Structures are given as C-alpha cells and as structure tokens.
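Read through the structure below, which is laid out as structure tokens, and then see the notes.
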Amino acid sequence: MEVVLQNLTKIFPSRNKNGSEVVAVNNFDFTIPDGKLIGLLGPSGCGKSTTLYMLSGLQKPTSGKIFFGSDDVTELTPENRGVGLVFQNYALYPHMTVKQNILFPLQNLKGEDKLSKEEMIKRAYDVAALVQIDDLMDRKPSELSGGQQQRVAIARALVKMPRILLLDEPLSNLDARLRLQTREEIKRIQRETLITTVFVTHDQEEAMSISDYIVVMKKGVVQQIGAPQDVYDSPINLFVAKFLGTPPINVFEGEVKDGALYIGEEKVLDTPNVENKKVFVGIRPEGFILDPNGPLSCNLNNIEVMGRDVSIVSSNTASVNPIVRSIVDADNKIAEGTEKVFFSIKPNKIFIFDHETEERIML
Amino acid sequence: MADINTMHQKDMAKVTSKQKFVTVLVQVLLYFFLIMVAITVIFPFYWMINSSLKTLDEYRWSVPTLWPTTVMWSNYATAFSTASLGKLFVNTLYVGIISTILSLVITVLTAFAFARLEFKGKNALFAGLLATMMIPGELFTITNYGTVTSLGWLNTFTVLIVPFLVSVFYIYLLRQNFLQIPNELYLAAKVDGTSDIKYLWKIMIPLALPTLISITILKMMGAWNSYIWPRLVTRGETHSLITNGLRNAFTESTGDVNIPVQMAAVALVSLPLFLVFLFLRKYIMKGVSRSGIKG
Amino acid sequence: MFKKKSLLVILFVLIALLCVGCGGKKKAKSNFIVPEGGYDGSEVTINFYHTMGSNLSDVLDAYIIEFNKLYPNIHVISSKIGGYNDVRDQITTEITEGNQPNLAYCYPDHVALYNLAGAVATLDDLIASTEKDASGILGLTQEQIDDFIPGYYAEGTSFGDGLMYTMPFSKSTEVLYYNKTFFDANGLTPPTTWDEMEALCARIKEIDPKSIPLGYDSSANWFITMCEQYMANGEKTNYTSATGEHYLFDTDINRSFVKRFKTWYEKGYVTTQTIYGAYTSGLFVNTKQGEGELRSYMSIGSSAGATHQRPTKVDGAYPFEVGIATIPQVNPSSPKVISQGPSVCIFKKNNPQEVVASWLLVKFLTTSVEFQAEFSVASGYVPVIKSVMNNEYFAQTLANADGGDYVSALSTKICMQQADAYFVSPAFVGSSTARDQVGGILDKALVSTDSDVDAAIARMFKDAIDECEYNS
Amino acid sequence: MVESKQQWKAWVYLSPALILLLVFTVWPIFNTVRMSLLNGYRGLAAAGGQTFEFGFQNFVKVVQYRQFKDCLVTTLLLCVITVPVSSFLALLIAVCLNSIKPLRRLLQTIFFLPYVTNTIAIGMVFAAMFNIVGNIAGGDPNSTASSIATFGIVNNVIQLFGGKPINWINAGSTYWHNMFVVIFYIVWNALPFKILILLGGLQSVNKQYYEAAKVDGTSRTRVFFRITVPLLSPMIAYVVITGFIGGFKEYSSVVGILGEDMAATGSETPLNTMVGFIYDALENNNQGRASAAALILFGIILLVTLLNLYVSKKKVHY
C-alpha cells in the first residue's frame, strides 16, 4: 500500500490563553512507497510522533490530506483505516493473556470481515509463530520480558492484517542487547509480510540500520528524506549532518576565501565554485587521514584504541566543539609524546554549510 | 496475506459520512445523558434555594411554586442572627482544625506502622480494625456517653474532639497510599541513618499529600455535619456546633419549624463547604483514587 | 483483607469477658419527702430543658428574673434542646449516668420512660407541704389547686399509681376551625355531634363537590378522642390502661367508628394530615381558584396553631373569616376533648434542696397569673389556671378575639370555655407506641382497598396490639 | 536486628490509635455484646437498679418479631438493588465524563455536589418532589375522588409526557413505589463518592489502552466491558464492597423520604430497615434488643463482605 502525505499540518492550540499555538507538523509532503520500512527520525518534539498518530487516525491533521493508495483517509477514524499500531509502552491489556491480547482485534471485526472462532485462533497462532511467541500464549503480559512484550504488541498489531503497520519508538524500552536483536526482528517481519511500515525513533543508528527510507524532522518540518546511506553521505543541511552518524560529525568555523576553504589559518580544500563567505565545515570522523603533510593540524589529547580502529581525540581552536574526534585505521601508529597531529581530508566526507542558513553549499 | 488489500476496500465517502454521523450522534447522546443526570442532581439544590426564599405561608401552599412570589432575602439574615451562626462557625472551625491536626498525626503514625513496620499480629490487628467499620456506630453512642461523663468531659471541646480522632477508614486509605511508595526508599533511608520520623516527614508525607488533604477535608466535613453527639454532650452556644444550631434555632412557638429559614441556614452552612470543595477538588480526587484500593 | 479467624477470636474474647454481670439491687420506688424546713435558702443551680423558641424563652427569662427577686440564690439555667423527642432522648441517656437536668418539659409517656429508672420526683409531698416559705407556704393551697383546670391537673396522676409526677405548664387541645364566611353565606352552623358532622359534610359536598369538607390533622388524636367520647357516653369501649393489661382498644365500638370514618373518606368528606401529605391547615386556608386547587371548609387541629388556620391577607384583608368551635361529640352533654401540650417534671437529685428549688420554680411559673397570661398570648397555648381570666391584659386580649388578626385569642377563648371537658390518656412505657398504632389503624383503614373491610380492620387492630405488646 | 527493633517501635506508633480505639470502639462493642446477652436489658431500668438475667432472650425476641423478616428483606433489597445500580450508573457517568472535553469540569463539579450536603434536608426536598397533596381515595391517584389532588414535580413531568400520575409515597401507595423513591434517593446520594473513585481510577488508566482499542476498531460497548471494567476492577470492587456495608446501614434516606414511621401512611408493609429497627428499640430504651439486632446485622454484614471479597478475589484483576 502506497501512502501519500499531502501538505500535512498539525497545529496544537495553546494550553493557556496567552501562550502561542504549537505547530507540531508543518506542511509534510511525502509518498511512502508500497512495502517499504520507513523511519521517522528526529529529536524529541520534532513532530515525528504526531505524524505517526495522524497516520493512525488518532489525531486529525489541521490541514492537508492522507491517502492510503487511492483512498482519502484523512477524515477516517482509526478503525476504518486498517492500521496496526505498536505503542512505545506496548499497551498490552494487563488483565488478558497473550492469546487474548492477540485475539482482541480480531474479535472486533464485524459484518463481512467477521471471522469464525477457528479462523481467529489459527490467525493468532500464525502471527504468534511469525514473531516467535507461540509458546507464550497463556501467559499474562506481566510475566513476559520486555522483548517478549514487544513481540506480543507487534503480533497484536499484525493479526488483523493491517494495510500499514505503525511503530512508535519500538525499541526505546529495551536494553542494548535486546535492541539489536529486536530491530533485526522487525526488519525480518517486515520483509516477510511486506506491509508498509512506518516507525518513529529518536535513535539515528536504529533508523539507519533497518529503514528503507528515513525521514529526518526538526521542529515539525521535514529536513530530508531518502535512503539512509544517501542522507548520511549527502546531508542537506548542518542539522541533518549533525543528527546522523556516530560518533557525530566534527564541525569547524571556516571561511571560503578566493576559491579555497580555510579552517583557521589552514587551507584545507579548494573550492573554486564558492564565493567568499563564512561557513561551517563538517568533517565526518572517518574522513580524516593521518598525514604528516596534511593541511589540518590539531593538538593531540589522547588516543583510544578500539581494536580495528583508532579514535584520535584532539583539539582545534576553530572547532565548534571542544574536541575533534577522528577515526583512522589501527595500522596508523602515533609515536609517544607527539603533540601535534596533521590530517588530510577525504573530499567526500567534508561538507560546508552556509554560516547564516546552515544550508549545504555544494562544491 | 493476499486479502490485505481487499479487506478494506470500501466506499470511503460512505464510510466517512457514516462515521461522522456516528461521532456526532454519540457526542449528542453523551451530553444529553450527562446533562439529564446533572439536572437530576442539581434539582434538589435548586429546590432548597427556592424554598429558602419563600415565606412560611408560601412554602406550605399545596401547589408548590417554582420561584417564590415574594422573594424573602431576609430569611438569610434571620437565619444568620437567630442561630448565632457566627459563634457556631467559630466553634466548628476550632473543633474541625484541632481534631484534623491531631487526627492526621495519629493516622500517619498508625498507617506508617501498618504499611512499613513488621510486628507480630499485624495482619490480625489490621483485619480487626477493618471489621469495626462494619458495626453500626449508633450503638457506640450510649456507652461512649457513659465514658466521657465519667471522664468529666461534658461541655468541653475535648469531648467533641477526642472520641473521633481515630478513623479506621482514614488509616486504611493512608496505609494503601503508603504501601505504593517503594520500600527501597525506606531501606535507603535506613542505610543513610535517617530516623523514622524524618523519613516520614521528608518522604512519606510529601508523597501522600493528596490523601492527607482529602482526609483533612473529610474530617472538616465531619465536624461540619456532626449532630447527634455534640447535642448530647454540650449545652448552650459555648460549645455547640453548627448543625445543632441549624436544627434548633428555627422552631416556632407552636413547635413547627420555619422551614424556609432553616433552608436558608442550610444553604449558608453548605456554602463554605462547597467553596472548599470547589477549591480543593483536584486533591480530593487524587487522594481518593490514589489510595489504589488494592487488597 | 478481613481475617475471619482473628475476628472470631476477638468476638469470643468479648463474650468470654461477659461474666462480669451488672451489679446493683432493686430499689423500691419512693416518693420525694420534703426535707425539714423546706427550702433552706442555699445556693443551688437548676437546669431546665425545654423546647421553646426564642420568643417564648424571652418571656420565661423575664419571669425567672421575677422569681429570683423572691429566691436570689436559686440559679436557673434554661436550655432549648430541640423538639420533644430530642428532650426525651437526651434525658434518657443522661439518666443512665445520673446527670439528668432538674426540670424538663415532658409528655406523659416520657415520664413513664424516666420512671423505669425511678428518676422522677413525685410531687405529692411537695404539694401538701405547709413549710413556711418566701411565697407563703412551700406547697399549694387548696385555692391554688382548685384554680387549675381539672383536666390538665389530672395529667400528673395518669401513671397508674395515683401519685403526682408532673405539673401542667402550658396546654392546648383540639378545636374545630371553620370557614365562617362560607358557613354564613350558605346558612350552615358548626356541628356539635358526629352525626351532624356527617350531614354537614354531605351538604358541603353538594355546594362544592371539589372540596374535602373536613381536614383532621392528627389521626391518633381522633381515634383516642372517639374512645373517650364513647366511654363518656357510657358505652362499652376503652383505649388503654396504665395498670394491668395495657392495650384495651380492640373493641367492637372502636372497630365500628373506624369503619364509619372509612365510608366518610371514600365519599371524599375527610382527610388527615398524614393522608393529605401536609398539615390540613394548608387545605383550609387555600383561597386560590383554579384547576387542581383543593380546599376544605373545616379543619380540626391544635388550638395552639390558630394562626396557621388563618388565610393570608389579600390586598390588606383576610379572604374569609375563621370561626372556631368545640369539636363534635358523641354526646354533647358530656363532652370530651384531648389535653395536649407540655407539662413539666422534676428529677430526683442527691441534694434534696435542688428538688425543692425546682418545685419552687414550677410552682411560681404555673400559679403566676401574669406569667401564664403572657406566655399564653405569646405562644397561643392555653393557660393552665382559670384565674388568668381575671388578668386585665389577658381579658383584654380575649375581648379582642376575632376570626382575623386575633384568631389566637379566639382559640384560647373557646378552650377556656370547655375547661371541664379535658381528658388525658393513661401513661406507661409503651403508651406512645399505642398512640402511634391507633393513629396508624385509622390511616390504614381509611385508605385500605381491601374488599373485605371488616376482616381488614380486624387484622389492623390485631397487628396494632401485637406491635404494642412487642414494644412494651 | 531491624525486625526486633521494629516490634516495639510499631507498638509505640500504634499506641495513640489503639488506646483511643480501646476506649471508644472496643469497649462499646464489648458493652453491646454484654447488653445483648442480658434478658430484656433496658438502660433506664438498669440505672434504676434493676438486674437482668443472662441469656439469649433478646435474640429470640428480635428474631421472632413479626416485622423482623420484613426489615431484613427490605434492607437486603435496598442493598441488592441500589449497590449495582449506583455502581453501574457511576461507572457510566465517569466514563462519559472522561470522554468529553467542553463542560467537563462544570459537570464534574455538579456531580460531586451531593457530597457536601445534609442528608435529611435534601431528603425533605425529595419527598416534596414525589409528593401528592390531596385526597387519594383507595391510593389511586387516577380515581374520580382524587381529581381533587395536586401532584409533585415528578408527577407533573409524568403528566407532561402524557402518563398517568403515580402515587409514589402518599397514603395508600404500594411498597414498591415507596421502594422506588427510596432507591432513587439512595442512588442519588451514593453517586458522588462512587463517581469520584471511579473517575479517579479512570484517569490513572494509561490512555494508550484506549488508543490501542480504537486503532483495532473496538466498539464502545466492548471497550467498556472488556477494557474499562477489568482495568477498573479494583475500584469497582471497592465501591461495591463499601456500598454493601453502607447499604446494610441504610436508615436516614428512608426517614428523609417517608418520615420517622419509615412507612407510607396507611401502608401495612413499612420500609423499615435493620438500623431503623435498632433505632426503634433504642427509642423505647430497649438497649438489650437493640444490641442483639445490631450484632445480628454485624453478622450479616460480615458474611456478605467475606462473600464479596471471595468473589472479587476470583474476578478482580490487580
């Protein structure tokens, strides 16, 4: 099912009389291709959850339209949209067993959709097998681990065969190990069912690792949409560049002068097509190459060996952050007592942004 | 999962309009129901006000009027002066405040012991306490009267305060509330060498504040509404409480009661309670619901 | 949550502890004996419980000041307790702890209850005492005794042992209020017998079919009064007795008058306060016209409630004039009307001076022409001594009596005229139950839809007797 | 170590409450038991020095009394009807309140109003609302003789909708009509507390359960019975159990409606309750019987409460 969001806007009225209204989502325009896994990504308060709730029908957009395929579902209530929603806290009914929880949505079906008891049970067990909880069917949610509860929640959302599956921060309540495992699981389930799936997260790593597409949002405005790697490799502005990637991108104050980019006094790159102006320079940690003749010099703080890689922590007066972190191959050796390190930069890992607008300046 | 798409293929426009209709209908029904109930609830109050503004004669008309033909605001002035409501207000407030404070202290200590400390026979004792709630309290009056008489407490404020300081219901409410505060906090306090009293004061009481506030309000309301006991153990205005004034003051020479004036007094007396209630409703609700009411 | 076992344990412990009996031995009832020398002038404080509203307690307070001129060391604290039942409940509780008041408003059945504890002082010795006193003698002179209206005075000895327990304080009775304007216009006269009443009701129904000619406030009074009237006529019936078998009201005559009044009710002649749902005076004073407006042209109610039987002024004038007459009788030559209204009783105390001092106050208030006159005018109650008629203020008030502004005086006047007709019912523990029950019989019978009327009435009488027996 | 120290500490904390309870609750209970077991005990007679034999005569008298069964049945009926009705209604109102936005605070406040009023005063008002003033021959407000009757506001409303007036509480009214009015009043009176508790409970329920149900297209009735009721079951159990305990002690509402006689005029089956029965005995200074009746009532309440707890243990989700 293809999902089209057309100029979607959500404005919350102010809480008190004098306060101003809050624009949670502003003019969201996007088409979600059929059968893909989409990650809505952004810091808290960016409107990603609101977008999800509008997709589910729990919240009505202030303006704009939502289409499921060719159906305009903007005015439809959730039950008529055929969506499955997995809540951040799972919202499993505590007084029902796993089986009853999964059966619950099926028992709501009316009219021609109504299923016989046997069919319901069969479907419940099928979906339980899909998420691998078929041996837990008679337990109560309080008797399950976090990861198991998550699977039950997904099973409950999937059992009525939704046109779209929505997941709200699906991994935030899990510990680190489970998180890795579960995100693979979600990916697998989505691949198997081919249900168009939208999930919300503030964790960019999570989004990058499983999404077919990611949508980066900030303060209600969509910043960039694309395949994770594309967005990473080609951020549209400083915000997106900073938001994606661990360790985060290093940002320097820089200046374009006479066709060349300067960080401090050091000329790091030729930029023949850019006019003279102040800029921000972003360099991914993996974009540094240890090079005694390199243009960029930094004061070495310390070195963290991480097996395959070495993380060099240094400082530069032009850096916006107190430290500059670069990741280089472990083969690179730095002698004891070294005070200054020199880098050359991989051209595809350096981005410059307008100092005023923070928009990317293409080289 | 081939039928995913077919399952929801419906006439969207039809569904939309039907669903709009249902939503509106439900809202209308909801409001209709609530407003009908609200009218039923409010009617007696309206009737009270209506009656309080009538002359005694009009009140006795066989066909009651929906609004007095002559509006007797003076009934309120009469009510206030004949019942010496001012003095009774002060008495009631005094008894209410003192008994509330003492009652809170006792309730907090008792609830704390039941919720946090381990001692022999705890459960049996608690069950015994709860069981006393099931006995019709009217029977206590006679014996208690004997007790306070032999203690020489008649005609004092003590007699209005002390016998009702312990309420099993409040202990129960507060204990439930305390139980919901994680025991780890208590153990941590013990490890840090915090005394029980300090722990109670710094941690338990702030956390149970809504319950304590509702107890305060219930207790004040109790003082406001108590009637039989104060009548029995006090004489004259010096120690009388407000309800006694209400019942006694409006009897006519023939033994009839001037009901409109009495209604005016009831309205006057209910007013402070009502205002307090409006003001603190949030706390009452929190307090009662927070008690959790789990076994 | 509730542990059954522990609860049972608590109960058993309580029961086991019960072997502690209740000690004490039975005391013989003793009259109060006046101490040598009567009141010795010592400082005493007297507590007086009553039900007076502020307008009456003001009168009382004024006369207590007068009283204190004679007896400066007797301090009187008068307290309004509530209604009559409140006074009773209060005192019964206080007696068990021995801190009852000295003096209280009472009805005979209250005194019977207090007498269970032997708490009420008998007055015979006080009345007979010839000890010298500031007011002459401590007791009552024969003149003073004769001055009391006999029916009222007799109430003090209605307890079956011939002893005097109470003094009448201020009294009332039932009178017949009628719409004089309507009666005059239609050439009607107030009935003197129940037969005349029946004919009159039929006549009024013809004139105004939508009316209920008669409202009788108290069904209990009605029943008891009928018993007394038939007895006065020498017929074989009874109500209750203070001694021996108490409940004697299940008689043929009583059943027959109940049945008779039932037919009145069914013809729409009569209603009672409980059946009507409000004081029948409301019906009587209603002058509004229109659909569903009810009225009656006669109302039998308390003589003390005369002002409630007067219509509200319209444009400065009363819509009709109220007439007052004696209630109908079985035999007008030996009339009987009920005596009601408060008496006072004196409680025993360890210090006999308190009792004597209380008696002095009672004597002062009940024999003081000025107090009785003023209290009567203020309250609408009837004074208990005849000589009040000689009081100028009182005589003046009665002379003004009319069916309008001075309707209370008119009622008092009628009451004074029938001074010899008052009766009191025997008082004993359970007499108030009997009163409630016979009132209940009348109400039940009137509204009963049972097809077998006689059987239904017989059953109601039997149930009432059972109920009385249980509660005694 | 902590445990043994807690032993005496606990008793120190408990002592104020326990001492007061011993004096003002336990001793009266003990005294009640004592009085109930002294044949024909009367406080006044005891004060007069009379002694009483030990025995069960009071209990026998009470149980054999012709109206004892009626009192018991009336009380049971009141409980069995008012508790479920008021609990269900309160639940319904709480749910409705919880699902509206405009006017919510106002309505909430209105529904709590009865909480701050005087039972007897409002009882008088109710009686006036259901009253019929007039001569109702044979108890039938529609007979010709009662064309001369005026009706209270309730009957006015019935007439407005073309119905025939009903004799609710006046002379000749039936037991069930009386019962209806009393039940109406008790429910009215019981609502605020229950709404308070249930609404408080509802507001502490995680909203996501409802959103989840909504996404799944659950009908309102199903949400109510399958989600709201189970999630609120501890509060409901509480409301029902305290309702039953209160219901067995019902008295002042009946007095408020029908007066001290606790019966409609001329009614041969009064609406007397167990507590009314106790009061009647106290009024006649018959403390022995009053105590016996109170203990019987206590036994019944205890039994019903245990039954309630047993049921709720099986049904209530914690």
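To keep things simple, chains are lettered A, B, C and D as they appear, and every chain counts its residues starting from 1.
Convention: contacts are C-beta pairs under 8 Å (C-beta built on N, C-alpha and C of every residue); 3 or more make two chains touch, one makes a residue touch a chain.
Everything numeric here is computed off the predicted structure, so don't read it as measured data.
K.L.:
Counting C-beta pairs in contact, which chain pair has more, A-B or B-C?
P.N.:
Taking the two pairs in turn, the one with more contacts turns out to be B-C.
K.L.:
If you take the mean of the Cα atoms for each chain, which one ends up farthest from subunit B?
P.N.:
A
K.L.:
Averaged over CA atoms, how far is the centre of subunit A from the centre of subunit B? Could you give it in whole Å?
P.N.:
Distance between chain centres: 52 Å.
K.L.:
How many Å are there between the centre of subunit B and the centre of subunit C, using C-alpha atoms for each centre?
P.N.:
Those two chain centres are 40 Å apart.
K.L.:
Round to the nearest whole Å and give the separation of the Cα centres of subunit C and subunit D.
P.N.:
36
K.L.:
Using the average of all C-alpha atoms in each chain as its centre, how far is it in Å between subunit A and subunit D?
P.N.:
Spacing between the chain centres: roughly 58 Å.
K.L.:
Can you list the subunit D residues in contact with two or more other chains?
P.N.:
Residues 29, 43, 133-134, 150, 302, 305, 309 of subunit D touch two or more partner chains.
K.L.:
Among the residues of subunit C, which are close enough to touch at least two other chains?
P.N.:
In subunit C, the residues touching two or more other chains are 1-2, 7, 93, 96, 278, 282, 292-294.
K.L.:
Multi-chain contacts in subunit B: which residues touch at least two other chains?
P.N.:
Expected reply: 62-63, 125, 131, 142, 295.
K.L.:
Of all possible chain pairs, which ones touch?
P.N.:
A-B, A-D, B-C, B-D, C-D
K.L.:
Within their complex, state which residues of subunit C touch subunit D.
P.N.:
Contact set of subunit C toward subunit D: 1-2, 4, 7, 11, 14-15, 17-18, 20-27, 89, 92-93, 95-96, 98, 113-114, 116-119, 210-212, 265-266, 268, 271-272, 274-278, 282, 292-294, 429-430, 433, 436, 440, 443-449, 460, 463, 466-467, 470-471.
K.L.:
Which stretch or stretches of subunit D touch subunit C in the complex?
P.N.:
By the definition above, subunit D touches subunit C via 29-30, 33-34, 37-38, 42-52, 54, 61, 65-67, 131-140, 145, 147-151, 170-172, 261, 265-268, 280, 283-286, 302, 305-306, 309.
K.L.:
For subunit B, which residues are in contact with subunit D within the complex?
P.N.:
Per the stated touch rule, the residues are 26-27, 30-31, 33-35, 37-38, 40-45, 47-48, 51, 62-64, 105-107, 109-110, 112-113, 117-120, 122, 125, 129, 131-136, 138-140, 142-144, 147, 162-166, 171, 190, 196, 221, 225, 243, 246, 259, 262-263, 266, 270, 273-274, 277-278, 281, 284-286, 288-290, 292-295.
K.L.:
Which residues of subunit D touch subunit B in their complex?
P.N.:
Contacts found on subunit D: 2-3, 6-7, 9-11, 13-14, 16-17, 20-21, 23-29, 31-32, 43, 92-93, 96-97, 99-100, 103, 107-118, 121-122, 124-126, 128-129, 133-134, 150, 152-153, 188, 191, 196-197, 199-201, 203-204, 220, 234-235, 237-238, 245, 249, 275, 278-279, 282, 287, 290-291, 294, 297-298, 301-302, 305, 309, 313, 318.
K.L.:
With touch defined as at the start, can you tell me which subunit D residues reach subunit A in the complex?
P.N.:
Listed in rising order, the residues of subunit D that touch subunit A are 206, 208-209, 211-219, 222, 226-227, 230-231, 233, 317.
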